[in-house]
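What follows is subunit A paired twice: with subunit B in the first complex and subunit C in the second.
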Partner chain A sequence: MEIAASRMTDQAFPIMNADILAEEHARLHARPVDRKTVGSPFVKNPRMTCRNVDVFYGEKQAINKVSIDVGQNQVLAMIGPSGCGKSTFLRCLNRMNDTVSSCRVEGKVCLDGIDIYGPAIDVVPLRARVGMVFQKPNPFPKSIYDNVAYGPRIHGLTRDKNELDEIVQTSLVKAGLWEEVKDRLREPGTGLSGGQQQRLCIARAIAVSPEVILMDEPCSALDPIATARVEELIAELRAQYAIVIVTHAMQQASRVSQRTAYFHLGDLIEVGPTEKIFTNPGHKLTEDYITGRFG
Partner chain B sequence: MNSPEPVNTMTTRPSLLEPGKNLKKRYRTDLWFQRIGITAIFLSLAFIALLFFQIISEGYTAFIQTNILLEVEFSEQAFAKENLATADYPGLIKKSLTDTFPEVKSRNGKKLLFSLVSSGAAYKLQEMVEANPKIIGTRQKMWVAAASDVDMLMKNKIDRKAPEENRRLMDNQLAWLDILKSQGRLEKQFNQTFFTTGDSREPELAGILGGVKGTALTLFITLTLAFPIGVAAAIYLEEFAPQNHWTDLIEVNINNLAAVPSIIFGLLGLAIFINFFGLPRSTPIVGGLVLALMALPTIIIAGRASLKSVPPSIREAALGIGASKMQTITHHVLPLAMPGMLTGAIIGMAHALGETAPLLMIGMVAFIVDIPGAITDPAAVLPVQIYLWADSPERGFTEKTSAAIIILLAFLMTMNSLAIYLRKKFEIKW
Partner chain C sequence: MIYPSIIPCILVLAAGVYLLGLRRAEKVAALSGGLREMHSLPTHYGVFAALCCALPALFLLAIWMVSEEKIVTHMISGNLPAEYLKLPANKLSLVINEVKNIAFGGFTATSGNPAIEQAAAAYVAHLHATRNIVSIVVLFCCIVPAWFSLRSITKDLRARNLVEGAARILLIGCAGVAILTTIGIVFSVLFESLRFFQSVPLADFLFGLKWSPQIAMRADQAGSSGAFGAVPVFIGTFLIAAIAMMVAIPIGLLSAIYLSEYAGASFRNWAKPTLEILAGIPTVVYGFFAALTVAPLIRDIGTVLGLTVSSESALAAGLIMGIMIIPFVSSLSDDVIHAVPQSMRDGSLALGATRFETISNVIIPAALPGIVGSILLAVSRAVGETMIVVMAAGLSANLSFNPLTAVTTVTVQIVTLLVGDQEFDSPKTLAAFALGLLLFVFTLVLNFIALRVVRRYREHYE
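This part shows the complex of A and B:
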């Protein structure tokens, strides 16, 4: 019986002895010594610039000296294994981390040259200019119309009902949802399907005319067809906005983004044009991750 | 993994067709648990049914009252004086009774005869004359309340066959009552007095309106104070307060306050509101303040729990498009938390409604006849009214006690159904 069992493992897995496994594990889970980010983190005419950004949760450092630019009219994808800090970093860009009391951000994050962590900065207009779409579709338990109209209403963007109607319509058209919901704008947004809900959240974000849209794994709760629809939408939105997307699916990053950044344990390992990262990565860890050796 | 004997696995594997002893035992445990649960529910329902049956069967008779039809002559000479209030109304009643039974001559006999009619009948005459002075000089037929003993007899709560010395009504009184009854002048009618008057020493004149109004005023104060303060405290503690030792200390203390015996709150009210601030005693305002203090911890705890249960994704969504913290709370978090907060408030109010002990300390146990018109008038509340009546020796107050309990329960049910209606209205479907 013993022989049979070992023969089975022979067929299923390559022989790996424990020492090699431990070594491999240590290599992948240690902070790389060479801290210099491989590739080109900076672009011409950036919309947002991040310089030496550190993020701490209490004593624990979650992000370590990250410098990267977000370019206009392009999609920056952030990939990396779970817990590598990509979502944390994304939330620094519109100060959503402020809600976590133990969180501390150091370094400089600028939107159009203005430090958003500066003392005179108010987060309310900042979040209107840097919109966010979350992992799980989170429409308000209100009507479809009110979901989209909420942002313009609180920011006082419209003078009368007609303007508001127009903003709601254009936002829903941009989010590719108008045709599906135009006859039931008064029905609750929570009654839509998951993919529709996520597009409603995108419409809600673009209704306040942001300049940058942050997306935190926007398709992880959606089925493949809804995912394809949202990806199409991202490609369309790129014409008007700067987009930063965090994703677990490497294929998605390669499909929707122009630039890709690879994070590993709080470090930004490599940034570059998406096709380069996926075809000819410059760092061993990036290569290991995109070839599926871990993740 | 190492050499599992095939025979071995076959014997330990449970058969689908013949489940083993072990499985049967597991099912038996399930069944026992279900049976115990059903028994518990059945027992509690049975006790509730018994309670309701007891109270209603004891109390429904308080809603009817024995009345006597009298023919009263409002003679001119009785109202010779200018002031209508000084006229001898009891005399009119007595005259009417002696006219009905002219054979009663002795002083003792007359006294027994006059005691058949409630002392409140004279007030009724006075009200009639003051409302319409034109009836002076006429004869009027009118129903007046019978004395409580007559009422008890008519409701079969006095045994006619008991020896005379053990009976509240004498033999000749019974005879007069039988005559009245045969003439159709003694009848059980709907007891309007019970719903329109305050407390009284006479059971047939005692009413519940004073207690109901006192309770309504007290709970109004409690609700208007405790709900906004409780909700505000819950929002601050849950959404704004920093997480440190001070907020931990506050939280522990709020939880402890919810478990403090209610009479302590009464002492506090006596010391602070009455002795220090000099508010009038026995009033709904002090009662309401004390009960608000008592209801606050319940409302705060329930409010915090319902705020906690609002999914964080809603807060993120609102903050993410640039809502301020207060907008996030008032537009999104609070509407979702409102049903839970209302539930907490209604539990707190239901407690406050049934509370007697703290109100005893602030003097709401006083005998108050007047119906309170404002929050600074002395008033009784329903539970205290029940306590007072239950304490009274007169036979007639037994049914009043149960009737007051019925009214209290009705009050509670009205409050609860209002809360359920509001909760349904505020509830947002996901």
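This part shows the complex of A and C:
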């Protein structure tokens, strides 16, 4: 029962946090602020398009009319104070919010022009196309090899052992982990260090050849050296995938991303090229956040 | 005569000493600059003084209670008439028993013997005298340490740590009682079994194929040769336990998966306790359900299908036993499945796995040790279950793997061997201990193997 309770609080956490922050915000910004998104939320030839997306947890609205595009071969960073809805929004993009029963998504989220919340869409192949890396490394309690082979196996991507071996190797090479683990593929993935575990999770996500990779604060549980390694990896992966990364660290956003979106209490405040957001923000709230006045 | 109320006396004294300790601590605190200057809280000093008061006295009293009878007996046995003292040891103990019976006003076989009457009176007198002395000594052991402990209360006395130490000793004591009891049971069963194996060879017991534990009382009695081959009894046990596990493991495990992974919180909240009610039904109720409803049903179905089914069958007992142990499997498995972190599910779902793929590939392997543990518990329950099999499986020790015949189990045989007036030196009754020992060894080995298996295949999650 104790564990059940902790699982429930995990899910309820963003809502609670949003409450606290809403109070804090009301104190900080007594005058009404303009919540219309400024900057350039749309790109040419987008991979994913989101239009007027609302997300509710029960009665509570967590995301308010967000419209944004995710471009191919780009890293889109989502920043904002805790509880601003950036993780919630990220989880809409591969429908991971479906696992939370109280969560309701409205609006339109399209992958290559097809509404992923449409009736014709099966969530299982969708999640194979839109991969996800979580905040805390969560390798399965299996061997390193089996962790990477998990996706290809359940989707039947390979015909024989050799092909599977090859997928495992290329995924680990792409994730920059191959040299470190090639001699111990049969050892449990949980025995790796935190940074290695996170790269293993990235390898696991790439093994099913996704088109978009979502990363939910992938470095928040890692030390600076492991973080640098994962950031390098994100830069390499950009050549092949569309990447959306949620991060707390503004420096990280400025290092890895081409576009940055600033969320505030469920609103998308500003989107623009990363250097513009960090040097010349177009909105007062963005400026306050990146200059460290709150957050 | 304070002896009968000595324990309440000690407790009242200790309570008083607690209050005195409290008072004294506050006084010391007032003199030395407030409670903040004291090493411990006043309650710690009070508890410390109360423990100093009660513990030595209770300890002494416990020693006295254990040895009282021996000491008093020793005191009177010197005064018995010389003719009794010359008797051999076992006869003498009979006489002394007689004395005690008269002294405690119990049943006596040969009353009216003046020497024994006299000894009984002496026994009572000695008992009272020694008890009075002991009471005084015990109370002395209360008051003296209490006085010293109260005197020792200063601001530097580490009463808090001392109370902590006493709590630790109490915990060790309780753990020790549990362990020592287990060891005691094992050894008593072991020694009785050794006596059994003096009359029946071990090999005959372990590998004999015939179980017929009737021993001839007289040499000329017919048809009671006595055969103590445990194989048919154990085959029966395993047969019924296997049938029970075939029912309980799939139903229990699959319902656990449904409850923890698919069912909504509201359904789970009432379905799980409902399932656990199954474990609360007395086994005797299951027993007559098996014997009166299920066994005839199976027999009738068997007749329709052209099979010969005895009216007491292993199948009926096994099925009902399986139903009974479903909650052991389902409830514990549900808990361990629920304990697998949500991040494992998220990781698998985010790779495009379906719910069932996630369960079978990630959740179950991660929860395996707990699931095996729950199954083990269910197996030991099935092997040790008595009432259902007594009522539904029969008493005849058939060496048979056919679930449609009547078989018997270890527990049933132990019951039948020990029910009624029995003499504890015939192989017939001692066989019960040997069966119990073998059953114990069997479950121990089972646990050991299962632990090894789990250690080999478990998947650790962080």
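Keep this in mind: the second predicted complex is superposed on the first by the 262 of 295 C-alpha atoms of A that agree within 3 Å, B and C clash if a C-alpha of one lies under 4 Å from a C-alpha of the other, contacts with A are read in each partner's own complex, and residues count from 1 in each chain.
Methods note: a residue touches a chain if its C-beta (ideal position, glycine included) is under 8 Å from a C-beta of that chain, and two chains touch if they have at least 3 such contacts.
Nothing here was measured: the structure is a model prediction, and the numbers come from that model.
With the C-alpha superposition on subunit A as described, subunit C and subunit B clash in the combined arrangement. In the superposition on chain A, contact of A:Met96 is made with both subunit B and subunit C. Of the two partner chains, neither subunit B nor subunit C is touched by A:His264.
By the touch criterion defined above, A:Ile154 reaches both subunit B and subunit C. When both complexes are overlaid on chain A, the residue A:Thr190 reaches subunit B and subunit C alike. Put simply, of the subunit B stretches 80-88, 98-106, 116-124 or 134-142, the part that bumps into subunit C is 116-124.
In the superposition on chain A, the residues of subunit A contacting both subunit B and subunit C are 94, 96, 99, 101, 124-128, 131-132, 134, 136, 138-141, 150-151, 154-155, 188, 190, 201, 204-205, 208.
The touching residues of subunit B, when paired with subunit A in their complex, are 1-4, 242-243, 311, 313-324, 327, 331-332, 336, 428-430. Across the complex, subunit A meets subunit B through its residues 1-2, 5, 94, 96, 99, 101, 123-128, 131-134, 136, 138-141, 150-151, 154-155, 188, 190, 201, 204-205, 207-208. Those residues of subunit C whose C-beta lies close enough to touch subunit A in the complex are 264, 338-339, 341-354, 357, 361-362, 365-366, 459-462.
Residues of subunit A touching subunit C in their complex: 3-4, 7, 10, 94, 96, 99, 101, 124-129, 131-132, 134, 136, 138-142, 150-151, 154-155, 188, 190, 201, 204-205, 208.
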